[in-house]
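Shared between the two complexes below is chain A, which has chain B as its partner in the first and chain C in the second.
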Partner chain A sequence: MDTILDALMLSNPNVRYVVFGSVLLGCAAAVVGAFTVLRKRSLVGDAVAHSVLPGVCGAFLVTQTKHPLALLIGAFISGWLSLVVIDFITRKTRVKEDSAIGIVLSVFFGAGILMLTAIQQTGSAAQSGLDKFLFGKAASMLLDDVMIFGGVAALLIAIVALFFKEFFLLSFDRDFARVIGLRVPLLDLLLSTMTVLAVVVGIQAVGVVLMAALLITPAAAARYWTERLGIMVVLAGLFGMMAGVTGAYISTAAPSMPTGPWIVVVTSVVFLLSVLFAPRRGVVAQAVRYKRNRTQITDENILKALYQMGESASEFTTVHSTEEIHGHRRMQLLTLQQGLARLRRQGYVEHHHRGWCLTSEGIERGKRVARLHRLWEVYLSRHLHLAPDHVHDSAESIEHILTPELEEQLASELNYPEVDPHNSPIPYRKKAKQKPETGTRNA
Partner chain B sequence: MIIHVENPALEIHNLTVSYHRKPVLWDIDLTVPQGTLAGIIGPNGAGKSTLIKSVMGLLPADSGYAQMFGEPLDRVRRRVSYVPQRESVDWDFPASALDVALMGRYARLGLFRRPRAADREMAMDCLKKVGMDGFAARQISQLSGGQQQRVFLARALAQDADLYLMDEPFAGIDAATEAAVIQLLTEMKQAGKTVIVVHHDLQSAADYFDWIVLLNMRLVASGPTDQIFTQELLERAYGGRLNVLSQVGELLQKQQFPARERKG
Partner chain C sequence: MDAFWIILTGSLVAISCGTLGCYLVLRKMAMVGDAISHAVLPGIVLAFLFSGSRDPFTMLLGAGAVGLLSTFLIETIHRRGQLQEDASIGVVFTFLFAVGVILISMYAGQVDLDQDCVLYGEIAYVPLDLLYTKSGASLGPRTVWILGGVLLAVIALVSFAYKELAATTFDSQFAAAIGISTTLWHYALMGAVSLTTVASFESVGAVLVVAFLVIPPATAFLLTDKLPVMLGLSAVVGILSAAGGYALAVAIDGSIAGAMAVVGGAEFALALLFSPRYGIPARIKRKTHEELPSVS
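== the complex of A and B ==
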C-alpha cells in the first residue's frame, strides 16, 4: 500500500523518472501507430516489434553491457532489417506480403529467443535482466534509460507534429502525394524509421511480445471517437499516455509483475469502451438510436391510429378503449399500453375511465403522420409509377423520418394534392397553402 | 491519323509502358495543343489509365517520355493537376470533404506550413464550383460515389494548374452534374487551361471535346474532333485487340523479355 501511495505521489525520484518515461513512450508509440493503422501496416508493426529482440541480444553480446544506447542501436538495426527483408520477399518472390510478414516475424523472434537462451546459459542473464525485454518492466528503467528513450519519444512526437500535413496526404492518397512532388520514398522511409524507433523505445516498458498493442490499439480505439485525423492522433496519444502511466504504477507497486500485459489490459479496456460507448460509431449509441427510432415509430403509429379512427367517425375527441385501438392497429399489446402511457405523459393523449382520446396536440401530430404517409404515397405513384397497392409499405416507414422542410418541399412539388392513391383525403395544417375545400375542419 | 501541333500542352514521345514485362501501351506518340478540352477514348483495358499514370510519373516507362509545356514533369509540377480514378483510395479515412479539397493547396504551401485561411477559402470556393459546398464538413465515406468524385475534382481545381489530367471524372456522376462539370471544364478551357479527360461514352464525346485521342493499346488517332470522329477510326479503336500485338505482349511476359533493349 505504501509503495502505491509513494508511487502515486511521485515522491520517489526514481518512480518519477519511470512514470515520466512511460508516459512519453506510450504517447509516442500511439501517435506513430496512428499512421501505421491508417496506412494498413499494423501487421508490419507487430513484425518489427518481435524482430527487435535479436538486435537487443546482439547488442548485449557485443558490448556485454545493458547500456540503453547500445540496446537502442542493436534493436534499431534488427528492426530495420526485418522491414527490408519483408519488402525484399514481397517484391522479388511470389510470396504475398502477409506471408512474408509471418515468416519474418517468426524467424527473427525465433533467433532472438535462441540468443536469449544462450545468454542465460552463460549465467550473465540474471544481472543482465535481458529477459525483461520479453514482457517488459517499466520499473527497471533508470535515469539513463529515461533520458535516452524519453528523448527519442519526444523527438518522434515532434516529427509527427511537423510533418502532419505530409503524413496525412501520404496515408490517404500516395499517388497524389507523388504527383504534387512530395518526396514519397523519403517520407515512407521516415515513417518506417519512426515506427521502428517507437517500438525500440517502447520495449523496455512493454516488451517485444506485446509492443504492437501499444502501437495499434490506442489508434484503433481513437478511430471510434472521431472523423478528424488531428483529433484521432491526439486521442491516440492520450490513450497511449494512460497506458504508460498505468503500466508504470503497476510496475513500481508490484515489481514482480511484468508491465507489458498490464499495458495491454489498459489499452484493451480503452478499446472495448470505445467500441461500446463512442458516439455514433459505438455499439451503445447505435442501440440507443435504434431504441429511439422504435419508440418514435410506435408513438406515431398509435397517434395515427387514433386519428384515423376519428377521421372515419368525423369526430376526433371520441374516447376509444385500448382494445379498440388494438383492433385498429396491430402491435404487441404491451407495446401499445406502454406507448399510450408515454403519450399521456407527453400530453398527446388523455386517459378517461373508458379509454383514451387525443388532445389537440395529439390530433395535430396524428394528422401530420397521416398527411406524410399519404403525400409519400402520392409521390411514389406519381414519380416512381408504383401501383396504389405497392405504395403503402414504403410510406409506413417514410412517414416517420420526413423533416418539416422535406414535407414542405414534397407538398409543393406535388402541388398540394387533395387525396392519396387510395382516395383518402390528405389533411393539411389549417394555414397551409391549399384549395379551401380540402381543409379538415376538425383540427 | 495522328496530328501534331507546335507548342503543345502535352507531348508524349514514343512511350511504351508494361506491367510485369507485358507491354500494354506500344509506342504512343502524340501532342495535345494548349487551351483545348481533350478526350482520351478507348475500350476497357485500352490503357487509358495507364497512359495518364505514366505521364504523371506514377508508372515507369520502358521507353519514351512525356513533356508538359515543353518541359519534363519535374520542372512544371505546379502547373499540372491530376484526378485519379475514385477507386484508387480508401474513402473510410478520418477526413472531411474540405480536408481533401485542401490537399490541392499542399504543393503551394510547401513543407511544414499549415493551410492558411486563404487556402481554406480557395478550397471552399472549389467545392462550391462542383456543387459540394454544402458537404464541406461531411466525412468522406458518407458521400456517394458521385460526390466523392466531385470532391476529387475540387481538389484538382484547388491546385490552380494550367494542365489537368482527369481519369474518368464522370464515372458514377448523374447527368445533371455531368452537364455542370462539363460547363466548368469548358469555362476553364476558355480561360486558356488545357483539360485532358479519360472518357468512356462515345455518344457524348463528340459534343464535349474539341480534341480526341483514340487509344487501344496503341495510338489509333489523335487530332481535332471533326477529323477523328469518323466511323472508320472509331471502328479501328473499338474493333477488338490487335491479335498479333497481344500475342507478342504475352510472349514477352512469358519469356521475361525486356520490351526494349537496355540503353548504353
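== the complex of A and C ==
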C-alpha cells in the first residue's frame, strides 16, 4: 500500500521521473497517432514498432553500450527504413499495402529477434535488459532515459502544436494544401519522421507488439467524441496521458505485473466506453436515435392513415377500430397497438369503446404528413419529370424528414399546388391556404 | 535427427499458413491474419487454465473461438461503430494480446507459457516432446502430428471449397450472384486461419506465423497469375525458408523462428528483383519500352 501512496504523492523522486516520463510518452504517441489514424496509416505504425528492434540491436553491437541515445538513433534508423521499404514495395510492385506491411513487419522483427538471441548467446553482461524493448517497462526507466525519451516526446508535442494548421490541411485536403503553397512532400516526411520517433519513445512504455495500441487506440477513442481535429488531438493526448499514468503506477505498485498490457487494457476500456456512450457517434446514441426515428415514423404513419380514412369519409372525427386502421395501413399489429397507445398518451388520438378517433392536434399532424407527402410527389413529377406511379416510395420516406422551413420553401417553390399527381387534394393549413400576394420566392 | 524434425515442423507451418495466406493476400486481408495471430493468445491461455494441460483439442477449440471472436469484433467495430478498418484491426488485436499477456503473468504457475515464447516460439524444443506407442516406440514429436493434421484439414478445405473460395476472393459480387455466401466463406477462411495460427503458435510463435502467412504468398504472387500455381509456389517458398532459416540460425546461433522469417524476406527480395513479369527490373524495362516515342 505504501508504494501506491508514494506513487500517488510523487514523494519519491524516482517515481516522479517515471510518472512524468510515462505521461509524456503516452501523450506524444497519442497526439502523433491522431494524424497516423486520420491518414489511414495505423498499421504502418504497427510495422514501424516491430521494425525498430534490429536497429536497437545494431546500435548495441556497434557501441557495445545501452546508452539511450545510441539505442534511440539505431531504432530511429531501422524504423525509418521500414517505412521506406513499405512505401517502395507498395509503389513499385503489384503487392498491395497490407501484404507489404506484413512482410516488412515480420522480416524486420525476425531479423531483430535473430540479432537479439545471437547477442544473448555471446554472454556479454552489458546486453541484459535489451529485451526490455520487446515488452517495455516504464518503471525501470532511469533519469537518463526519462530525460531523453521525455525530451523527444515533448519535442513531438511542440511540433504538432506549431504545425497544427499544416497537418490539419494535409490530413483532410492534400490538394488544397498543395494549391495554397504548402510543401506537401516535406510535411509528409515530417509527419512520418514524427511517427517513427513517437514509436521509438513509446516502446519504452509498452513494448513492440502493443505499441500500435498507444498510437491508435487513444486517437480512435477520441474520434468518437468530436468532429473537430483540434479537440480530437487534445482528447487523444489526454487519453494517452491517462494510459501513461496508469502504466507508471502499476509498474511501481505491482512490479510483477506487466506494465504495457495494463496500459493497453486501460486505453481499450476508454475506447470501448467511447464506442458505446459517446454522445453523437456512439453506438447507444445511434440506437436511441434510430429508435426515436422509427417511433416517429410509426406514429406519423398511423396519424396519416387515420387522416386519409377521414378524408375519404369527409369526416375526421369518426371512430375507427384497430382492425380498420390495420386494413388501411399494413404494419405489425403489435406496433400499431403500441403506437395508438402512445399517441393517446400524447393527446393525438382518443380511445372510444369501439375504436380510435383523431383529436384536433391529431388531425393537424396527420394533415401535415399527408401534405408533405403530396407536395413531394408534385415536386418529383414537376422537377424530375417522374411518372406519377414512381413518386410514392420516395415521398413515403421524405414526409417524415422535411422541416417546417423546407416545407414552406417547397410549397412556395411549387406555387401552392391544389392537387398531387394522383389528384388527391393537398391540405394546407388555414392561413397558408390563401396564396400570399407578394413574396413568392424567386426560384 | 533434430534438424530434420525442426525443418519438418517449420515446413508444415509454412505450407498451412502459406496456403491460407494466398487467399488473405489476394483479399487484401494480410493484416487481419496478423491480427488473428496475436489475438488468439488469451484463448490459448484460457484453454490451458480450463483443461490444465496442453490438450491439443481444447487449445484448438479455445483459441479458434477467440480467433473468430477477434474477426467478429474487427468487423463489428468497423461496421456498427463506423471506425475505419485499419484502426479497428489495431485496437482489437492489441487489446486481446494484452489480455493474454496479463493472464499469463497472473497464472504464471499454472500456464506453461512465457512472453518470449509467445513472440518467437520454441521450435528448438519441438524434438524433445515425443509421442510414444504403448510398446514404447517413438512416433516422432507431438507437434509434428498436430501440425500434420492441421495441414490435412487446410488442404481438405481448399480442395473441397476451391470454387467457393476462389469466387468469393476474386469477385465477391459474382459469387453472391450465383448463390455463394460471402459471409460464410469469410468466416470459414478466418476460422481456418485461427486454427492454423493456434496450432503453429506454440512451436513457432506469433511472428513466424505472420511471416509464413504473408511472405510466401506475396513472393508467389510476384511470380504467377494463376491461383493453383500460386498455392504451389507459396508452399515451395515456405519450405525453402524453413530449411534455409534453420541453417542460418545454426550458423550464427540465434533464434530459429527469426532466421526463418529473415530467409523468407530474402526470397521475397529475390522475387522482387528477378521475377520475369512482375520484378522491378522487368517492370522498368517494360515501361521504357512502352514509353518509346511512336514514330509516325
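Heads up, the rule we're going with is that the second predicted complex is superposed on the first by the 313 of 443 C-alpha atoms of A that agree within 3 Å, B and C clash if a C-alpha of one lies under 4 Å from a C-alpha of the other, contacts with A are read in each partner's own complex, and residues count from 1 in each chain.
Assume a residue touches a chain if its C-beta (ideal position, glycine included) is under 8 Å from a C-beta of that chain, and two chains touch if they have at least 3 such contacts.
None of these values were measured; they are calculated from a predicted model.
*Asks:* Could you look at A:Arg223 and tell me whether it touches chain B, chain C, both or neither (first, second, both, neither)?
*Replies:* A:Arg223 contacts both chain B and chain C.
*Asks:* Taking the superposition on A as described, I'd like to know which of chain B and chain C A:His385 touches: first, second, both or neither.
*Replies:* neither
*Asks:* Touch check for A:Asp46: first (chain B), second (chain C), both, or neither?
*Replies:* A:Asp46 sits against chain C, while chain B stays out of touch.
*Asks:* When the two structures are overlaid on chain A, which partner does A:Arg178 contact: first (chain B), second (chain C), both, or neither?
*Replies:* First partner only, chain B.
*Asks:* Looking at the overlay, what does A:His352 touch: chain B (first), chain C (second), both, or neither?
*Replies:* neither
*Asks:* Should A:Gly102 be classified as contacting the first partner (chain B), the second (chain C), both, or neither?
*Replies:* second
*Asks:* Indicate the residue numbers of chain A shared between its chain B interface and its chain C interface, in ascending order.
*Replies:* Of chain A, residues 40, 223 contact chain B in one complex and chain C in the other.
*Asks:* What does chain A use to touch chain B in their complex?
*Replies:* Listed in rising order, the residues are 38, 40, 162-163, 165-166, 168-169, 171-173, 175-176, 178-182, 223, 226-229, 231-232.
*Asks:* Which residues of chain C touch chain A in their complex?
*Replies:* That would be residues 25, 28-31, 33-34, 38, 77, 80-84, 86-91, 93-95, 97-99, 101-102, 105, 115-116, 119-120, 206-208, 210-211, 213-215, 217-218, 221-222, 248-249, 252-255, 257-262, 264-265, 268, 272, 278, 280, 283 of chain C.
*Asks:* Can you list the chain B residues touching chain A in their complex?
*Replies:* Touch residues, chain B against chain A: 53, 56-58, 74, 77, 80, 82, 84, 88-90, 93-96, 99-100, 103, 106-107, 109, 111-115, 139, 155, 159.
*Asks:* Give every residue of chain A touching chain C within the complex, in rising order.
*Replies:* Chain A residues touching chain C: 37, 40-43, 45-46, 50, 89, 92-96, 98-103, 105-107, 109-118, 121, 131, 134-135, 209-210, 212-213, 215-217, 219-220, 223-224, 256-258, 260-262, 264-265, 268, 271, 275, 281, 283.
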